[in-house]
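Two complexes, one shared chain (chain A), two partners (chain B, chain C).
Let's turn to the complex of A and B:
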């Protein structure tokens, strides 16, 4: 009993692979549906700066050959898939000769750190608040949390970050307004650098946490109220179990299950939501990288970042899916 | 306490007075000793419910769910509580267990278990009293087990909540295996989750759990309602067997009169929050006195013949606004003016049989004769 059955694991992995494949294909198709091609765009940009490009035809021709744009579309597609699987996402045209992979490798840890940490915080705090809001022993004054968290939930995170920057970066300059670490610092594993990262990360994380935790608190509260009416709750009361034990072993334990599912579903939205927050705080994560790519029409960069974000979301969902049977014994039996 | 005990001479031979009369008396025959209902003769009272009243608050006024009920439960006895849906039998049970859920609340009354007044217990005292004094075998065992806990953990948690952390894990497992054996469950379910068990097995787990701490009184709230007849019978037999072995007193709530007749010693009939008749099970079936009981027994479906349902639906009163006098008079075929004026007090017809109906008042003997003649003719 419990644990993950092979069948379950296989099916989840298949869904993951399918998601990644569909994402890669879409990323391949969509730019090709747009009029024009990246190389003419490149030449156009070059002529903007220099007025006239010598031997433009030759350049176009050699680049088309260099990037394999003259090959039939299915050959391009298969080569693209092969490269993508090896995480060879090509060169960034805006940052040539840096590869997209290099750029992403530099930025991804920051986004994962920011979003991951905020997720852990809002999921824990939100669910704990929600659980306490529904518990009969919780003091009444805590119920003021309900309207407050509802207000926060309805504000977009980017707007909220503006507000936070204004209050805590400008009016009361407790936290730095921009950046991921102190200016002039070199990334290293020293305590000073680590402290600077936390100091800089506080406001961006808070703007994600504050607008999302209310959603989770309200969801949890709703689940707790439902669970309270379950037959096993009456039996738990009749059994004379200790109230705190009933709270976590009977109520939270069961109410958290749908919350986990909701988390898996919302991870994609969450990463997208963090993009704007990163831009607001000039935080050097994936968000600002995508922004940069769009601004400079750097196709390779846009494709690469989108692909990696989709893979990250799919991976997070996969992890939650694999953890789920461990927390809900009824799931592991499925598909045996 | 033991000095008060006084076994009825007919039921047990001289000198065999014991705390667990059913163990010595054997379990094959149903050894219900005839007992007086008052404080006079009879066995030791383990549960004394006095004048219990429970309301459900609604915006339009309080619904009277249980209206001033009094009864005793004797040691080793099985008492059946019957009545139609909504008559307050489950609310009575939950009232006794202190589990009335809001908007329900206990208006007044007294519930004594072995001399302890349950209604006066402080929160922590009540928690400790639960399951050791009173335990519950719930209605709808399908959903009464926590789906994310193994069967063993749900039994262990009740043991450890009341007896502290058990250091000897082997002894604890043996103890649970013994409980399983009592209710006829295989040991392999020890590590299983509730969704891996059948309905009958879950119900047995609930029985095993209910008697795990050897409580004074066990209340089985429609413990068999959700099961098919075969499993119903097995579970009911298990219940009686375990009750006899462990020597607890049992209240069985149900609406299946046929099943109850097989397992209980005494039956209390409830109507609209009132207890209208309470009597040894043989009397209730052979000689029902209250018009409601008569109708109820007439309505037991028979597989041999088709007969019309005698109890008419729909003429029930507003539970917020009960009629004056007798609660049953709106549906009673024998009601007359007096029933609207005076509420019938409990009348002791024989020393075991109590009924709340004016027909059994000495001064209305003529009406009673007529009524019984009417029944005989129909």
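Let's turn to the complex of A and C:
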């Protein structure tokens, strides 16, 4: 296997650090591009929305201090970067005494659970389907069934979730329409709670999986078709290796490599989709938190949640990139 | 396409497939034609829509409220009427007019954002792939960072501080993120092409770099560029619909995403007004599936091995 080359590692870490920095900087700049000073603009829009603002003085005070609006811009920027990197994301204006960090800490595990589990499912199922589509020994009925099951590929997950909720939550009420667990349940480690989480999570996860796995099947099929023409495939068959062994060791092992790279590229899109799916299902994760922020004009919450989700995305890409050399030893030699 | 058979990879693939038939024009691909047909039809609705149907009915208050489609009844036992064949929503917009006006707008946002993104992508992709060196390093880093950031989140942050925006501004905001994928893709293609014989030849003959890029390499990249453009458009529409589902976007004549947003806000699901959210959802799904078909078709046009497999 060999270790990961220093060059490769350094480049991945650089991309990660740059992504976090760009995200933080964008979130610093964007509110300042809006007309007026950011705090009074926010308070004005809040009071316009809610009629009055509870604890307005306290909020203005805390935000003035946080932004340090009287300091020169570069001092403001450096202080902001320092705060952000220590995950001090300020107070949520909609839930004033709580900090944005506290709210996010409660919600982030749900999003990671939903997106992580869906990713494992669609990546496995998609690649398996793609491999079977191209394999010469696949039964004919499977080669007909798989493309049919891929009909909804590329429909946005959020729109697909509307259809799923209507059919399986409304017309045939098999699955709950909203929420991450049963109403009135307290999160605990009991089997009932766990069952409820799975029951509630099924439709959101399916809205992501059913529209996504087809992409991976198509990509995998393309790779498999290329590999089938290689000389080592003929040799493997001539040696009399078992067909399943050839499929797994010779074809899938080689074809999966570009798929891993593609997975790293698609993480951002995946998080976009899951944010919307969570909103559709009022799921207890980061997406719903952003939506609450939008509805209550809680800018600190919107910005903090977006920042943490971008960092999560960058972290996921970093992990995939670091796992990649383990399954493709060539990378560690090349150093790229 | 006569010039395509000159490409050694393509010629080899066709030989392998063993069915070289002069009636086998790769562009007569049913996936490509179906997808392009659907998108083309929707696109022409921009000009022809008002010939079929009174598009003024897409404005609020132009029709009775909450009417069901023909052949159905709503919860107040009203029958659908032929004046509003697909029903109306709760501020009195006719659904059919809404679809005729809204669907091309959605595709338009995608087309604008994808065009801007592709333009930047072609420029940067060629620069990185052909010039290389420091420019390549910088462009690759910028691409990797941009692809990692979930664009919707930044767009939400922007929209939350900006006043209401129109569709063109929305498209331009989306294109801030739409350049990265084409750049990466084009760079990879250019890198593999610059080592090929005809480029080496052109270089030895002293053809200027710019001419090699745009006269020699670009024509060979066309099927890939087309596929990349369609993929980009899908991504841009996805972002636009995502923002609209959150309630951002033009309100007077809502696009499809905005009307789905309003239907959710008005609990259309619970009132069983399926036509309000369901019809725009299905139409958008058809748009996405059509774009996917175009892309699959283009893939098969560019890569004969796939044609054999399907």
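Note that in this section the second predicted complex is superposed on the first by the 300 of 336 C-alpha atoms of A that agree within 3 Å, B and C clash if a C-alpha of one lies under 4 Å from a C-alpha of the other, contacts with A are read in each partner's own complex, and residues count from 1 in each chain.
The criterion applied here is as follows: a contact is a pair of C-beta atoms (placed from the backbone, for glycine too) under 8 Å apart; a residue touches a chain by one contact, two chains touch by 3 or more.
No experiment lies behind these values; they were computed from the predicted model shown.
Novice: Going by the contact rule set out at the top, does A:253 touch chain B (first), chain C (second), both, or neither?
Specialist: first
Novice: State whether A:217 touches chain B only (first), chain C only (second), both chains, or neither.
Specialist: Neither: A:217 stays clear of chain B and chain C.
Novice: Which partner, chain B or chain C, is in contact with more residues of chain A?
Specialist: C
Novice: On the A-aligned overlay, A:236 touches which partner chain: chain B = first, chain C = second, or both, or neither?
Specialist: After superposing on A, A:236 lies in contact with chain B but is clear of chain C.
Novice: Report for A:268: first if it touches chain B alone, second if chain C alone, otherwise both or neither.
Specialist: Second partner only, chain C.
Novice: Output check: A:154 vs chain B and chain C. Expected answer is one of first, second, both, neither. What do you get?
Specialist: Second partner only, chain C.
Novice: State whether A:165 touches chain B only (first), chain C only (second), both chains, or neither.
Specialist: So A:165 only meets chain C here.
Novice: Does any part of chain A touch chain B in one structure and chain C in the other, and if so which residues?
Specialist: In chain A, nothing is touched by chain B and also by chain C.
Novice: If we count contacts the way the header does, which residues on chain C are in touch with chain A in the complex?
Specialist: It is residues 16, 141, 144-145, 147-154, 156-158, 160-162, 181, 184, 234-235, 238-239, 241-242, 245-247, 260, 264, 269, 272, 274, 277-278, 281, 284-285, 288-289, 291-292, 296, 299, 303, 305-306, 308-309 of chain C that touch chain A.
Novice: Touching chain B in the complex: which residues of chain A?
Specialist: So the residues of chain A in touch with chain B come to 1, 230-232, 234-243, 245, 249-250, 253-254, 257, 327-330, 333.
Novice: Please give the residue numbers of chain A that touch chain C in the complex, ascending.
Specialist: 14-15, 18-19, 22-23, 26-27, 30-31, 33-34, 38, 41, 133-134, 151-156, 158-160, 162-163, 165-166, 170, 177, 218, 221-222, 225-226, 229, 265, 267-269, 271-273, 275-276, 279-280, 290-291, 293-294, 297, 299, 302-303, 306, 309-310, 313-314, 317
Novice: So in the complex, which bits of chain B are touching chain A?
Specialist: For chain B paired with chain A, touching residues are 97, 99, 101, 126-132, 135-136, 138-140, 142-150, 157-158, 161-162, 191-193, 195-196, 206, 209.
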